[in-house]
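Paired with chain B in one complex and with chain C in the other, chain A is shared by the two complexes that follow.
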Partner chain A sequence: MIGFSDITKWIHDSLSSALSPGWVLASEFVLAGIAVILIVVVLVVVMIYMERKVAGFMQLRLGPHRVGPWGTMQVFADVFKLLLKESFAPNSVDKFLFNLAPILVLAVSFMALAPISWAPGLQLWDMNIGILYITAVSSIGVIGILMAGWSSNNKYSLLGAMRSGAQIVSYELSAGLSIVAVIAMCGSLSVHDIIMSQADGWWIFKGHLPILFAFIVYVIAGTAEVNRAPFDLAEAESELTAGYHTEYSGMQFGMFYLTEYINMVVIAMIGSTVFLGGWMPFHIYGFDAFNGVMDYIPSFVWFFGKIFMIIFFMMWFRWTFPRLRIDQLLKLEWKYLLPLSIVNVVIVAFITVMKWHF
Partner chain B sequence: MENNNNIPIDDLTEEFVVNIGPQHPSTHGVLRLQATLDGETIKDLLPVLGYIHRGIEKMTESLGYKQSIYLTSRMDYLSAHINNQACSLAIEKGMQIEVPERAKAIRIIMAELQRLTSHELWWGSCAMDLGAVTPFFLAFRDRERILDIFEGNTGNRLTMNYITPGGVMFDVLPNFASSIKELLVKVKEHLKEYEELITGNVIFQHRLKGVGILPRELAISMGCTGPVARASGISCDVRKYHPYDGYDKLDFKEIVIDGCDSWARYKVRMEEMKQSIHIIEQLIHNIPEGEFRAKVKGVIKLPVGEYYQRVETARGELGVYIVSDGGNKPYRMKFRAASFSNLGALKPITVGAKIGDLMASMATIDLVIPDIDR
Partner chain C sequence: MKSLFQYLKEVFLGFYSLWTGLKLTLYYFTHPRKEIITEQYPENRTTTINIPERFAGEVILPHDENNKHKCTACTLCEMACPNGSIKIISVQEESEDGKKKRVLDKWIYNLGMCTFCGQCIDACPQDAIIMKNSFELSVYNRNDLVKTLNKPGSKLKEKE
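Our next item is the complex of A and B:
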């Protein structure tokens, strides 16, 4: 097994011997930021390739297969195309907000990655309110989307942004409440504690029906929060051409595109951390030989496996379901998911207070 | 501003106009819809036509009768065979040409295959307008195979110009019957897949049921025909009421559903595909032997008079009206296109609905823009 704490300790020691403590902290921040950005960008590249291949096979096509071996270089070709293109702003846009919006959206989605625990000992910032921080930060992104829609001075963009605002604000409630179910049972908001509480079994396999229900609600609400089909009303290609990023081109469009995938990663990471045990291997109580084999698989493989499983589900949804209408979307949230989630949280709270959980 | 409280809430919101089209993913062509929106709700809708007007009717006046048929393929390009058939039938009526039995059978098979391709494409694009991309690719499997048959037998895939006055342009290939038999087996399998993937989908049903309600009276007054009218409970199949090319000898049902909404229009087309397969199956086993084209003069000169022929295209009734002054060119040729009349129903059924409903209604009305403008 790779000891990530050894590597981080070595970096810290070698920096401390050369720099003063303040500079050590500063350079560690920069290094950690670069590391996270690199990991996430690699993840996104893999995801875009995966999305195209999944879509291709679902639609009886091959997907990309010309650029590089099995089409793996297609994503890089596309990114280079976006980088080389002019970031064109139409005449009548609000220049400041127009240019700020993609940066804000992207920055916020990176912020949500801070408290994620990637492997044992590999966590950027184990704050005691980790999950609360992620849910709080990920809601700032909607401001960037509204900004983009408003400043574009385009009616399609504005409609898309308003839809997106209504949608994200609504679905965050159920997503939050479904996470609350687990938090109530394990009694901590810290990402590390939540993962450690699943050492003897992931939360969805512990046999609590409310948690299972919360997981289903979470996947639905999470898909809605990242604006993906069947909840892609903000973009709604056949209705609003491209929604809030209609007027964006070049790398500014690329930033929105990147953000969509990073948000997917974030949603999948929270889902796998809270419900599927984070980097915890799969254990069955009593099967020691089996558990030993499971322990042998590196923890980051477990973590990324779980992330990609959730991401695959999201892709599966996207290429199968038609889009909902805006009123149906809001009805689903406010009339069904939210009341059921509240009832679910009350049940979980009752179980926790009576100490029936394990 | 102090009497704001007395103003009804509707007056405080601002309506704005959005041009949906002429370049828009779900108008499937260059149609412009001037939509007045109040938030997401459509308050008014004005279709603006003419972006692809090519003056086909006027062009026919300077071309001969035979050349005019080539232009009809370019009107409703998804019903090219049926358009050719309509024009040929009108000319045959004037010339009093007796079409050989073999040609009639081939014409019907081709026309029904064309209806099948058109409905397949509609199914894919309808699902795509509602946000599901995969069905579009699934629908293209069968469509490509049918177009391969067209290409093999007629030389073209989209604008075939195969049906001519007196019969058809060429005889069919020896493997015509066997290739279609193989095809139909696949198409039937795939139709079941479509039902499983889309028809049974809850989101899809919610998007179509009770959306775009076109009452029977409105459908009649707008002159709707084809699947759009039949979904409003109007029995109007030209193949039944004014049979041509031997449709009267065939056994098929006219699908009429009294649902009036987009869901009914969807169901009508899905059932029509099955009926088309049924018609082809009756003919494919016994295409009569003999001539594939009657002898027709090199230059057609219709006797002085007026001739009208109506056929059932994939979208509804196509009427061809020819006025002849006895010359080798038509004095006037007028086409009554189904999409043009069906478009008229779009405004009354979408005003008051959401933008998403507009796409659903437009998808189930199944407009072909070059057919509207001609």
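Our next item is the complex of A and C:
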């Protein structure tokens, strides 16, 4: 059976035979970048279609169903419309920051994809602080949002951006603490090591109730970090028109839209890597025949299945819950999620020291 | 200790109420055939379309099988109508014992000016007029919108 490491090795060998080592590295950077962008864009297209169908079914509607078979061409029609529109900047905006903001937001969300392990042997950058890197980089995105809100010279945009800042500063804490719970049990920050430590069972099952609780907190905090309903105060359409991207049009708006979905993918990828074993099939310690059967399902099916499960959770939340007020949002974080997460981390540390986890 | 118990109770009750909402939307998501209420209008107008009985469409004056209606020509509906889309024309009629009585001659309804507010229905003391659930009301000639609702030769229904 051909693995992904064989394919990457074949590409490396054929490039090495034709080019000098420096050019091999440069062309591999470009190839890997294009491959990741392509995968992510395909994922986003699937997600936008899925979101509209899920929203439709949950609201007793049909969703898009006129353009193409079952409305599958609707996303392409919308992207084409955005590409044809003018990227218009109003007179009194700060032109430089206004045009920089969508690019910055998009670049940051792509940066967070670097240490993700897609399949066995298919990882762009296996660094020893992978998870720390992702949590650090994914919170830079808020600078782009603040930039967009400030440069728009519009009170609604500024309010939305400020809310987004307050929200991400708050929810980074509990998202980080819930990941720390797994890091403490596993003992490594490297994405590869975390996945390999789940070969005899995923952490959500091996880590007893504290890790299950950490997973719930992670999904809540992750939803808040990507500014999605019920935490979409940054773009609350009924009070702030569209929040920080009110003044954007055309493909600049499209970039913000794309970023929202890429951030969702990143959150789902970290969640599935840390709690649900990444590309690792469902294994139970001691059941060798069962584990063998599970190994026949390809690893990318497992990985994308888990990603889409978490994404479905986030969509399910979005189309069920009403939006929180800003004081309720901060109360939820500082009075409930953060204290409970800290207690949870203490319990996890105790379990780890006593070696009660499997 | 009691406040800690109260705090944890709040957390669990919060999760329980969230789960109640999630359960409902999951039910809607997993039963699309049964629950979706969207009408695919132009395609299903002759087949599966379902217009609710109480949908407020055009005003009609129902007649029974003996060609009798319930309108006494009191003109309360005409006065209630905010747009002046109702015109009641009545005639004086003398019965056999010499009593003079006002009888409906023409119940003229201008559909083009009607906003379907239903105030004429509320004003009618006899419940003579109702709103039908028909909604495909467009015509090619504006004069076709002015309708006479009482059928020719129709009479007032006697009280039982």
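The criterion applied here is as follows: the second predicted complex is superposed on the first by the 350 of 358 C-alpha atoms of A that agree within 3 Å, B and C clash if a C-alpha of one lies under 4 Å from a C-alpha of the other, contacts with A are read in each partner's own complex, and residues count from 1 in each chain.
Throughout what follows, a residue touches a chain if its C-beta (ideal position, glycine included) is under 8 Å from a C-beta of that chain, and two chains touch if they have at least 3 such contacts.
Given the structure is predicted, the values throughout are model-derived calculations rather than measurements.
Placing chain B and chain C on a common chain A by superposition gives a clash between them. Contacts of A:Leu324 after superposition on the shared chain: chain B is touched, whereas chain C is not. By the touch criterion defined above, A:Lys155 lies against chain B but remains apart from chain C after alignment on the C-alpha atoms of chain A.
When the two complexes are overlaid on their common chain A, residue A:Val54 makes contact with chain C while staying clear of chain B.
Once the two complexes are overlaid on the shared chain, A:Ala229 sits against chain B while remaining clear of chain C. By the touch criterion stated above, A:Asp193 is placed in contact with neither chain B nor chain C.
After overlaying the two complexes on the shared chain, residue contacts for A:Glu237 are found with chain B alone; chain C is out of touch. Once chain A of one complex is fitted onto chain A of the other, the partner contacts of A:Asp94 are absent, as it touches neither chain B nor chain C. Looking at the superposition, the partner that touches the larger set of chain A residues, chain B or chain C, turns out to be B.
When both complexes are overlaid on chain A, the residue A:Glu28 reaches neither chain B nor chain C.
Clashing C-alpha atoms between chain C and chain B turn up only in stretch 73-81, chosen from 73-81, 91-99 or 145-153, once the structures are aligned on chain A. Taken together, the two complexes place residues 58-61, 319-321 of chain A in contact with chain B and also with chain C. By the touch criterion given at the top, residues 55, 58-61, 155-156, 159, 162-163, 229-230, 232, 236-241, 319-328 of chain A touch chain B in their complex.
Of all the residues in chain A, the ones that touch chain C in their complex are 54, 57-62, 316-317, 319-321, 336, 340. Of all residues in chain C, only 11, 18, 21-22, 24-26, 28-29, 32, 35-38, 40 touch chain A in the complex they form. Put simply, chain B touches chain A in their complex at residues 16, 18, 24-26, 37, 39-40, 127-134, 136-138, 141, 197-198, 201, 203-204, 206-207, 354-357, 359.
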